[in-house]
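Below are structures written as structure tokens.
Common to both upcoming complexes is subunit A, partnered first by subunit B, then by subunit C.
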Partner chain A sequence: MDIATHVFSALYQFGDAFAFLVLSACGLAVIFGMMGVINLAHGEFIMCGAYVTAATVHAGLPLPLGIVAGTIVSALVGVLVELAVIRHLYDRPLDTIVATWGLSLIATQGTLIMVGSTMAGVGTPFGSFQVGDYSYSIYRIVLFCAALGVLAGLYALFNWTRFGVLARATIQVPHMAAALGVDTRLVYSLTFACGAGLAGLAGGLYAPTMTLVPTMGATFIMEAFVTVVIGGADVFLGTAPAGAVLAVVKSVMTSWQGQLFGQIGLLVAVIIVVRVLPKGISGFVLRERT
Partner chain B sequence: MSKSVLRGLRAAALTGTLVLGSPLQSALAAENPIKLGVLEDQSGDFAAATIGKVHAIQLAADEINKAGGIMGRPLELVPYDTQSDNTRYQEFMRRVLQRDKVDVVFAGFSSASREAYRPIVDQFNGFAFYNNQYEGGVCDGHMIVTGAVPEQQFSTLIPYMMEKYGKNVYTLAADYNFGQISAEWVRKIVKENGGKMAGEEFIPLGVSQFSQSIQNIQKAKPDFVVTLLVGTAQASYYEQAASANVNLPMASSVNVGQGYEHKRFKPPSLKDMYVTTNYIEEIDSPKSKEFYAKFKAKFPSEPYVNQEAENSYLAVYLYKQMVERAKSTKREDIRKVIALGDVCMDAPEGKVCIDPKSQHMSHTIYLAKVGADHAISFPKTWEDIKPYWLGEAGCDLTKKDPMAQYTPSNPPPKP
Partner chain C sequence: MTGFFSLFRRLEGPQTVGRGRAFWGLFAIVLAVALAYPLFSDGYTVGNTVYFFVWVFIALSLCLIWGYGGSLSFGQTAFFGIAGYGYGVLTLNFGAAYGFTLVAFVAAVAIAALFAVLLGYFMFFGRIAGVFLGIVTLAVTLMLERFMAQTAGPEWHIGAARLNGFNGMSAMPPLTIPWPGEPIVLFADVGLYYFVLGLLVFVYLALRILMNSSFGNVIVAIRENPERAEMLGYDVRKYQLITFVIGAALAGISGVLYTAWGQYITPSSMGMTAAALPLIWVAVGGRSDLTSTVVGTLVVLAAFQALTIYGSQYALVFMGVLLVLTVLIAPNGLVLGAMNWLGRLAARLTQRAG
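Presenting the complex of A and B:
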């Protein structure tokens, strides 16, 4: 087996781990980074996106439209949750943890009761390709590109659009933004919806590759929180580099010693980073800059 | 949704009281019911495979109560949702034994849960049925196991696969007692048959991403893969392996027969999966068809009638037979009946008998093959395979009750 095969396989595994970390974490990072809300129902927004995607595909829609539908429905559910629960708890950050945890229990158990214990999968599109001795799934490359696309899209949204400017103003000094005529409540709602929609997008993208069950969100949660904790409060300076660092740790450890060591590696990386950089990678970068 | 509904739902979710309606409790309000505790996972990672067990127990209890109960006493179910959580098993096992004072408990899916509650059954001198296939070796007079064990599932499956596909075997197993001990059995049987382990990997429960494991398998170039993956998260392997075109035959003791993966995933991701199971709904015999029809009549929306549902169903009837023959619900009286060695019944799978030495059960083992369109065929059937390993290794519950679990590398101490 030649060097190129090894290099490609390492890159593929890195890209695969990177995509999973970034896509799981983006929604959580937006909600935590922009609003300071720790959303324990994040996994259930992912589940919502996956279920809606699968349901619409079963109903006859093509997969890309199904993923869009999953994203939109999750974002709408996000708006409702923000209006009904989160809005009343902005000055009580610890209570939002309990409230969103409660929501996640309700969502998991409610789905189990109403939709049943499993849902039929939709099948992974595109097939596979061969490099050297190994064959790879093409869809995994699509997921990697989607992760890069999401990061680029978020960057554009928050830096180049009017909504992005208003959102950043609201997050930095809410009173001043309100005094200047920004509808801060609307901005909060939309930001939360954006985070929920990103979670739904992750669910929709991974729906074809996974078991569809009410508890599926839980399998994303550890990776999502680890990435956000390491990344810190900023989506671009935090989530993206954290995803890259963790993807290297995870893919190297997993190929060396198996899945268990991949998970151990992730958690050890968190302990080290939290000890050395309490505010995460983005906190470190921002402090250097000022 | 109003606040009170939300609160109710949340309370129900937290306390696990959302049990599926059991009308028989009101139907027969007789004086002195026989109480059967049901501790199964009705939510959480294992729920897909285990809700059917609860339904099977309800079906059997209904039938028995309609036919006059057990010795004229109605059978009353005391169900709790253990939420795929080992600590819930311990909590609810204490509750059914101490507060509800049940006569017998049917409990458990994962081996981790069983080993979590078994010391409590022993401590409070209870009586429990474990109606699930597992890694074998439990030699405990307080337990009756109706599920299949490795000498029934692997001693049949692995030699068949090695003959058909080759002698290089790769094991991909869940990383807890079930997966570790089952992998030990696979290793032992592969070696005995002159084969070689191309590799082994243990996957923590709850892992759902398998790209690297898939590559490890391709690197090892096995002739077939033994998949001992447990829980719905790990089931994502099949879809991901199929999309990476791994295209290796698979052998398993847990798939299809428990989690009906061939129904949940889009064909052909489970193509060439071979499973040894003592029951699945596709089995084409009059007894099986009759059981399936009764099940569907009572639970029309049941997604699949699996192996563990049948184990649970026949366990209720076995319990009835033993109580009626012992004329008592006391464990020691019932064990005297078991010691006679003729506790048998015609189950949906075929004839089954309880082995007095190990209190495990003989089974008809069906080799199920999943086709490219996910249709099931049965290339081979083994009738009356006995759970012989424990007895041969030295476990004899008619003489001594060590209340322990043994493995090939840790057999019972020689007398």
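Presenting the complex of A and C:
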């Protein structure tokens, strides 16, 4: 096997890991970066998106529409959760973790009771292609492009729209924004819905590649949390570079020692990074800038 | 000698609810009932009660770290699992003769504490606090579960002990006390009941003394305002690390007792659900006090077991609802709220009488 195929294989694995980390983390990062709230039910929003996507595809809709449906339903559930629970806990960040964990227990077990222990999956579209001795799934490349698309979309949303400006004002000085007439409660609600919707989008995108079980959220959250911890509070300066760094760690460790060691590598990376950069990559970059 | 007696004065203080003759009278009555309980019950029920007591230690560890220290740790189940597996590996390798199970008990708890020193060093000296601490400890816990779950193959063994992947380890000997003549084997029965009850009372009283000592006061000061504590000259990181390690050892005691009780431990004892349950007991009971944690844990556990018998699927949903409602409506915990209310009522009554 020549060098080019090796390089391609490494790049492919990197892209796959990067897409997984960024897609599963960005919903969490938006909510954490804007509101300082860690949403432990993040995995369950992903599960919700995946289930809705699968259900709509089984009902006869094409996959892209199913993914859109999954995103929208997750965002709506996010609005409900924000209104019912999160809204009352903004001044108690530790309690939001505990409360969202309670929600995650309810969602996992509730899904198990209502839908059953597994749900019929969706086939992976697009087939595969051959490079050298190995065949690669085209859908993984689509996922990588989707991750880049989500990052670009978020950048546009927060920098070029009125909502984005209001939202960034609200993060910086909430009282001042409120005094200037910004409805900060509405901004928080919409941000939470946006994060929940992104989680649903991740679920919908990955629905064709995984087994749909009520505990599937747990396969995402560790990676998502690790990325957010390393990235820090900013989506663009934090999540994206953290995703890139961790993707290297994960793909190298995985191809060297297998999937489990890929995850252990992530964990070791996070423990070392928090020792060196307690505020994550974005904290480091922003401190250098000011 | 006076130093020793002055320790007992620390049994009451600003950091623990309950003082005076009324509280300790009630304590003595509860203890007497607990001591007499096996006389009126059968071995199976007593063994089941031990199961409840086993979990109180991990709840106390969370109460110490989260309630008093103010750092939310999801990692207690990791220490639980490490100590449980440690006990299993040690006793399966070296047997139970000459009281070795007690040595294994101490060694397993020490392993868990050492692991906490390592993890805590990186976390507290990296000055991670608040929500990040919760995430890192949760990630460690989940990682351990995944690691243990994939150890099914025969190549995963430590000495004579197979780790057995998701099925878990079993058939380790129960705790055995060496005794002239015949060693006393503590099966999940009356013997283990008295052993665990004694340990529980000891740990409870020792923690009361610790929390009302200057160490405990510093811990609470750090919870209230870390910067202020630091300005007053306390090394915040060191105090947090010590609290974390004590907490890990307590969780380790739970792990060893659980393993010895059922002679069985699996990776799922470190999973998401297992990590959530102690949090629910402590939050519902009232995390900032030792007594309310103990009472809350026993009450919620009993309720959970009753629910599991009548509607096993819905028990976890109910627990989740209970947790969310507690956080929203009674953030200080239901039992602690009730205890404070009773205390005020008693004070008003004595005032009126006097």
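Going forward, the second predicted complex is superposed on the first by the 290 of 290 C-alpha atoms of A that agree within 3 Å, B and C clash if a C-alpha of one lies under 4 Å from a C-alpha of the other, contacts with A are read in each partner's own complex, and residues count from 1 in each chain.
The rule we apply is simple: a residue touches a chain if its C-beta (ideal position, glycine included) is under 8 Å from a C-beta of that chain, and two chains touch if they have at least 3 such contacts.
Just so it is clear, the structure is predicted and the values come from calculations on it, not from any experiment.
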item: Side-by-side fit of subunit B and subunit C on subunit A, or clash; value: clash
item: First, second, both or neither for A:Gly121, with subunit B first and subunit C second; value: first
item: Residue contacts with subunit A in the superposition, subunit B compared against subunit C; value: B
item: Touched partner set for A:Gln263, first subunit B, second subunit C, both or neither; value: both
item: Partner chain(s) touched by A:Trp101 [first = subunit B, second = subunit C, both, neither]; value: second
item: Partner chain(s) touched by A:Ile113 [first = subunit B, second = subunit C, both, neither]; value: both
item: First (subunit B), second (subunit C), both or neither touched by A:Pro93; value: second
item: Contacts of A:Ile38 with subunit B and subunit C, given as first, second, both or neither; value: second
item: Which superposed partner A:Arg275 touches (first subunit B, second subunit C, both, neither); value: second
item: First, second, both or neither for A:Val79, with subunit B first and subunit C second; value: neither
item: Subunit B versus subunit C as contact partner of A:Phe225, first or second or both or neither; value: second
item: Stretch of subunit B penetrating subunit C in the combined three-chain arrangement, among 37-45, 55-63, 109-117 or 145-153; value: 109-117
item: Residues on subunit A lying within both footprints (that of subunit B and that of subunit C); value: 102, 105-106, 108-110, 112-113, 215, 218, 260, 263
item: Interfacial residue positions of subunit A with respect to subunit C in the complex; value: 32, 36, 38, 85, 88-89, 92-95, 97-99, 101-106, 108-110, 112-113, 215, 218, 221-222, 225-226, 228-229, 260, 263-264, 267, 270-272, 274-276, 278
item: Touching residues on subunit C, where the partner in the complex is subunit A; value: 70, 72, 119, 122-123, 125-128, 130-132, 134-136, 138-140, 142-143, 146-147, 150, 272-273, 276, 279-280, 283, 313-314, 316-317, 319-324, 327-328, 331
item: Subunit B residues touching subunit A - in the complex, by the definition given at the top; value: 6, 9-10, 12-14, 18, 43-45, 47-48, 51, 175, 201-204, 206-209, 211-213, 215-216, 218-219, 232-233, 235-236, 239-240, 242-246, 263-266, 269, 301, 303
item: For the subunit A and subunit B complex, residues of the former touching the latter; value: 9, 12-13, 16-17, 20, 102, 105-106, 108-110, 112-113, 116-124, 126-128, 130, 133-140, 208-216, 218-219, 251, 254-255, 258-260, 262-263
